[in-house]
């Protein structure tokens, strides 16, 4: 099948859905909105399947038209590129996307902005597809900014709430800081390589590239700044927890499964460049480690079900970053994929819980929901087991692969990640038990009203649960004797050698994992499957305060950047602009005015004075011209 | 030119006699017809009269053109004398007679070849203007203006004569042209005094003090002729004087002019900024404009000639409109303060429009005559390596925006005054001047062609 | 006929020049110093007369008549000026009842 | 003859100074008349008899009488000058004197052009003057008539009694 | 008869008609005029081939032979985009006046027409003298527009604007006269090519460039010369402001585009100082805009920020910078016209001027919110809008030329987002306040204006290649690179 046709089939349906729903959403019935909205991602998914079937050979470069052009420097196509990495990403994006769309039709059905919501979701999907499919950095950047925009729109979807708006703006601006780096990196790349297409960069790099070239390092770091923004790495991660203000499907799709992984995707996409700069890889790995650990730590103390998941997302993104940093790109993509499944599942499950509880998000007010929401409980359990890395769920394989690969490169990174995964297990089990086990900690009336969600929500959950259970089999480790299909598939694009670890290490890792998980599960069950709220109250100790307040990072930014800027702004408006600049500029003005008034006295109206001044002037002139 | 002088004189006499008779409404037509005839006679060459002129005056290229400009200006102003109708037949006839004689004086000034005729011309013009300045006998302001003008004027005459006398001492001749060789020291002094006298007449800083007071006190229509007719005549004569003697003048004379120009442009502008009376403001504007025109004195070329003429036309057409509008506003509201111009755009849009355009032209706004005139002057002085002077001129033009702006601002302020109107023929004339201003700005080459 | 007057033989022209310059500036100082308008006006007449003297002397020493003609005209002009000037002064006096020039200062600024 | 010149010159300057410093206007006028007579005497010495005559007739006779008339008419024979401040006064005097000194010093240092007599010493006589006037200076002579006409109308205009309301009285 | 002269003549004749047409018809006349010139321009555009004939549709008039001043108009690659912008924005501005309760008089439309005429003449000028004349002339109608139809404090505001700009213009006048009369007495300076060809000695170039720079910096405005801007903008009638913000600010930039190549060495020497000023403007304007309460002032300072970036781009004298500047002029013009109109819609309906006095408009006026949002996206330079392309090129050029300056200039990405979103969220989002209750739906003409803007913004963002490409020809022409 023709690559261009498939591309069109993948790319445009969400946009069409967006346009129809966006323009006429208010005038067509809801069921039509739902169908149109879901049709887009589904068609894209179909296209993806077709792409997998027909285009898994060599990469396809599809330049649609010349976007803009600078003679002598670069020609920037509005072009697309389908290769193995893109196909994997497409599966994630369109697959999870379709499911979440379907879920949303149930979840958001009663909202008065339903059609708008679906339109935004479609637009997001379109932007994401641009990002994934772009054949050059600029198109990728377009998608990159597009998803940021949709993120802004969806976080602030309930725009009448001021807090949500703040969160939305925060997300957008933090992303923009990253985008600044990205954009600068683009320019540096154009300067360095004279082109912007991935293929041309790759080729030029192969010919001329030098290891440890400072320019390349700068480019990589700038790109990584962009990644920090989008994939919520330290120091730009604080927007992601706040972004949970959006509706839950948004959190699932954008802030867990797809958008936030765009950074990971970018680095995987540009892996050849990063390979030339070990320095930046190290920076990435260290940042990833810190992010993973800190986010996991913060998650331990959170009570908001979505916030916990958000921090967990940040933490998992840190894992991926570390994987990238040690050069194990495929492991990162693998984890990206599985993470998309189980994190989407968890979010949607959490959404189902929230939906069932009519908007309650605090786990300290839940408990014992197992009986009321059987399906939800089941899928949440699967999701939890997947994320904590319990074999044979999806998370186990990917996480294991990352840990192994990190271990093969640097022991200290491994140690940090191991700690982080212990924390992960703790807070995930805590969430699970606190929500579904024990006694309901809210009022009776409320408990009565708790209900299981509708089928449109449950069915996607089940599908995702299936993926979370079996998704890991795409990359079976060598030890199991299975094939690592994903590696085989991706290595055609990402030319990366596999890491090597001893079998002994791997066996011990598995063993330790299982033992640790069981013990943590036991401990947390003991602690959180209760009817008392006390355990959810954070202590007054310094450490818990710091953790609860997210290491005071927001406050730090406020003090360091926002407040000084605000103050400067007010100072400029109130004092500087008119007090200094305007006055400086108007010096001649005032000078003229005042001297004019002073000169008025010269014109006293007295004739004698006029005649005298005439005579004196003559005298002066004569003097000047005699003694010149 | 003799014919023109005769026509004007006879017409003046006729008007004076008609003033005694009871035939109303005929005075103005007579004056206009006479002036038109004089203009016509001036445009044609007559050799017949030359023997009577005996080298006292000579109507050559530039003096003919300046005379024509003066006469056209006078012709433009003449119809407005109808506004004096209320003051009785005799007064009108006196005004018209004196006015015609004043024109004679100015023609003499700009075409004199001998200091004697120059002096006589200056005096005829000055005495006429002393009288006209005091025409409003009951008004203390008018009296004061007349007196100040008179005292300064006769003082000026004395200084001028002193200068002429010293030139006479050295050259033993009163002819303006027969000098050869460099001027001696005392003759330079003579020229210095002579030029200073002209600077007084033209009202260049620092000899300008009388001008604003006199302009303000004089009845506005006569101020208009002072600002146009007298000024052009004085500058024209001055220019002729300088150009005729350019070869013999000491080399520092350019610096004398530069000094005058700088003082005029800077001080004149700055003094004007805080003015409240529009008439005074226009007086200062006239002072500054003459400073600009003086830039043409610094060098000699044919180019400068028509540049000056162009400037005259630009200045006269704009200034005339300005003063006439001031007159109307003054009669309407009783004062020439800025306050009485507030809301003019609402109460009389026509006058507001013409006044605005004339102000823009005076300020040197683009696509008006004033802009072109300034450009010519500036490009002249830059071409002759007076770049710094041109820069000062440019900056002074910016300062001048300050006060032109004030007037325009007042005109377009919102105000709920009742509207009033002026007769259409006056308005029509004003429109004609405005059109001249605009045409001179839009197609200057047309006007230059006419001048040439 | 062409006898040289004794004065011209004995006194150099320079002396006349100094004398008339002296007179001119005396007149000028008078103009500047006095406040009575009539006296100011009279001082202007002194200045004119100084000029006249200058011209006549040069004319006489050099045998050039135009200077004396000029003087004739200056006198004529002076007469005309005086008549107008005095008319103005009288008119002014009628309104303000003073001849001190510094009191005519309504127009200023 | 030289002595006569110096006496006359001294008297002229004295009279002129007296014009300035006399406090009484009438006295000033009389000194002015005296100055004019002295200047006429100079004219006689310079062999310019016609001008001497004219000077006496026009200046001393007509103009000064006019002055006298006005002073008497306006009843100005008392001193109206109040010397409030000596500063501007002395400034005026000093600047005038300075101007003279500057001019005089320039005059002293400069060399005058040669003074050959070209037309004889009888130019000041009536017949010579008349010939020059009506041969070379006819035109100014005619123009002079216009001047007088203007002056005449002017005086009439200014002296006329106000019969109608002025255009607009600017008196505040 | 395809000539740039006609393009100037159309609005001129119609503006005269407007003066005499009554209140009722003048707006229609003005609309006909602006739409007519738009279509005429499109006609010209369709038959313009930059490759065969760089300066096309020339109109030449030997104006004042004696000082070698000629009027010359024409279309070339450098002014093509900005002329297009002029036609569009004037159209929109006239449309913007045609709302219910419009009390604007014939004089208003006449002055708009005159402004249009002079702008057309200015942008299509083909020699320095013409450039200068119309640089100054444009002031006059704008001045009267604001003086007659402005806000309560218009006098001081317009005074400041006027004096500043006139000062700059006069300096430029002196510079051009100096150039024209002193250095090449035999030169006629009939076209830009002649102008670029002959260089003065460097000493003079420094002086002349200073004069030009001050003139353009005031007009644009660039950082320390900007204080007139916010005052003026806040007092201008808003349809006038559309023209003012979108077109008049471009005159300064256009001056840089035209003249910088004459002063290559000077620009190169002073690049650091000038761009530092520009970049200070970028940050400074953005910070003020961020804390600004008044909507119109916010727009003014945002404009300062953007213009600083564009000016800095022109200073690089590179192909990219020039292309970017030319396109960014168009992009910023559209965006800022849109923003002004958004402000107009808000202020006209509620008579409130501050950001804080609005809230929750989006609830009842979703269409308005969408339009606003798209315009805003262009203003903050989001990809797929035309604003992005301009910013992309400009920052690219700066980063390539001087990395750190480029980096600081790129901060506009962040600050721009910050202040624009602040404005948007405060006014559009939140719970509708009492002021908003009577907020009427968009009328038909308003809808049209927004639609046109949005379509243009998106189209130019998606298919900018040809438009940006024109800049390349201009660059070659100005730099004397032979066309291959």
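Going in written order, the chains are labelled A, B, C, D and E, and every chain counts its residues from 1.
We adopt the following convention: a residue touches a chain if its C-beta (ideal position, glycine included) is under 8 Å from a C-beta of that chain, and two chains touch if they have at least 3 such contacts.
Here the structure is a predicted model, which is why all the values come from computation and not from measurement.
J.: Following contacts chain by chain, what is the lowest number of steps it takes to reach subunit C starting at subunit A?
T.: Steps on the shortest route: 1.
J.: Name the chain whose C-alpha centroid is farthest from the C-alpha centroid of subunit C.
T.: Between subunit C and the rest, the longest centre separation is with A.
J.: Tell me which chain's centre, taken as the mean of its C-alpha atoms, is farthest from subunit D.
T.: Checked the centroid distances; the maximum from subunit D is A.
J.: Using CA atom means as chain centres, which chain is nearest the centre of all the protein shown?
T.: E
J.: Does A-D or A-E have the larger number of C-beta pairs in contact?
T.: A-E
J.: Taking each chain's centre as the mean position of its Cα atoms, how many Å separate subunit B from subunit E?
T.: 43
J.: Could you state the distance in Å from the CA-based centre of subunit C to that of subunit E?
T.: Centres of subunit C and subunit E (C-alpha means) sit 67 Å apart.
J.: As a quick test, compute the distance in whole Å between the mean CA positions of subunit B and subunit C.
T.: 27
J.: Going by the touch rule set out above, which residues of subunit D reach two or more other chains?
T.: In subunit D, the residues touching two or more other chains are 92, 95-96, 99, 103, 106-107, 112, 118, 136-137, 140, 144, 147, 150-151, 154, 158.
J.: Which residues belonging to subunit E are in contact with no fewer than two other chains?
T.: Correct list: 163.
J.: For subunit A, what residues touch not just one other chain but two or more?
T.: Each of 600, 603, 605, 607-609, 611-612, 615, 618, 622 in subunit A touches at least two other chains.
J.: By the touch definition up top, name every chain pair that qualifies.
T.: A-B, A-C, A-D, A-E, B-C, B-D, B-E, C-D
J.: Which residues, counting only subunit B, touch subunit A once they are in their complex?
T.: Residues 147-148, 151-152, 155, 159, 188-189, 192-193, 196, 200, 206-207, 209-210, 212-213, 252, 255-256, 259, 267, 270-274, 399, 402.
J.: Which subunit E residues qualify as touching subunit A in the complex?
T.: 160, 163-164, 224-225, 227, 284, 287-288, 290-292, 319-320, 323, 360, 362-363, 366, 370, 377, 382-384, 388-389, 392-393, 395-396, 399-400, 406-407, 410-411, 413-414, 417-418, 421-422, 425, 428-431, 462-465, 468-469, 472
J.: Considering the complex alone, what residue numbers of subunit A touch subunit B?
T.: Subunit A residues touching subunit B: 592-593, 595-597, 599-600, 602-603, 605, 607, 609-611, 613-614, 617-618, 621-622, 624-625, 628.
J.: With touch defined as at the start, can you tell me which subunit B residues reach subunit D in the complex?
T.: Spelled out, the residues of subunit B in touch with subunit D are 9, 12-13, 16, 52-54, 56-57, 83-84, 86-88, 90-91, 94-95, 97-98, 101-102, 104-105, 108, 114, 116-117, 120-121, 123-124, 127-128, 130-131, 134-142, 146, 169-172, 184-186, 189, 217, 219, 330-331, 334.
J.: Help me check something: in the complex, which residues belonging to subunit A touch subunit D?
T.: Those in contact with subunit D are residues 608-609, 612, 615-616, 618-619, 622-623, 626.
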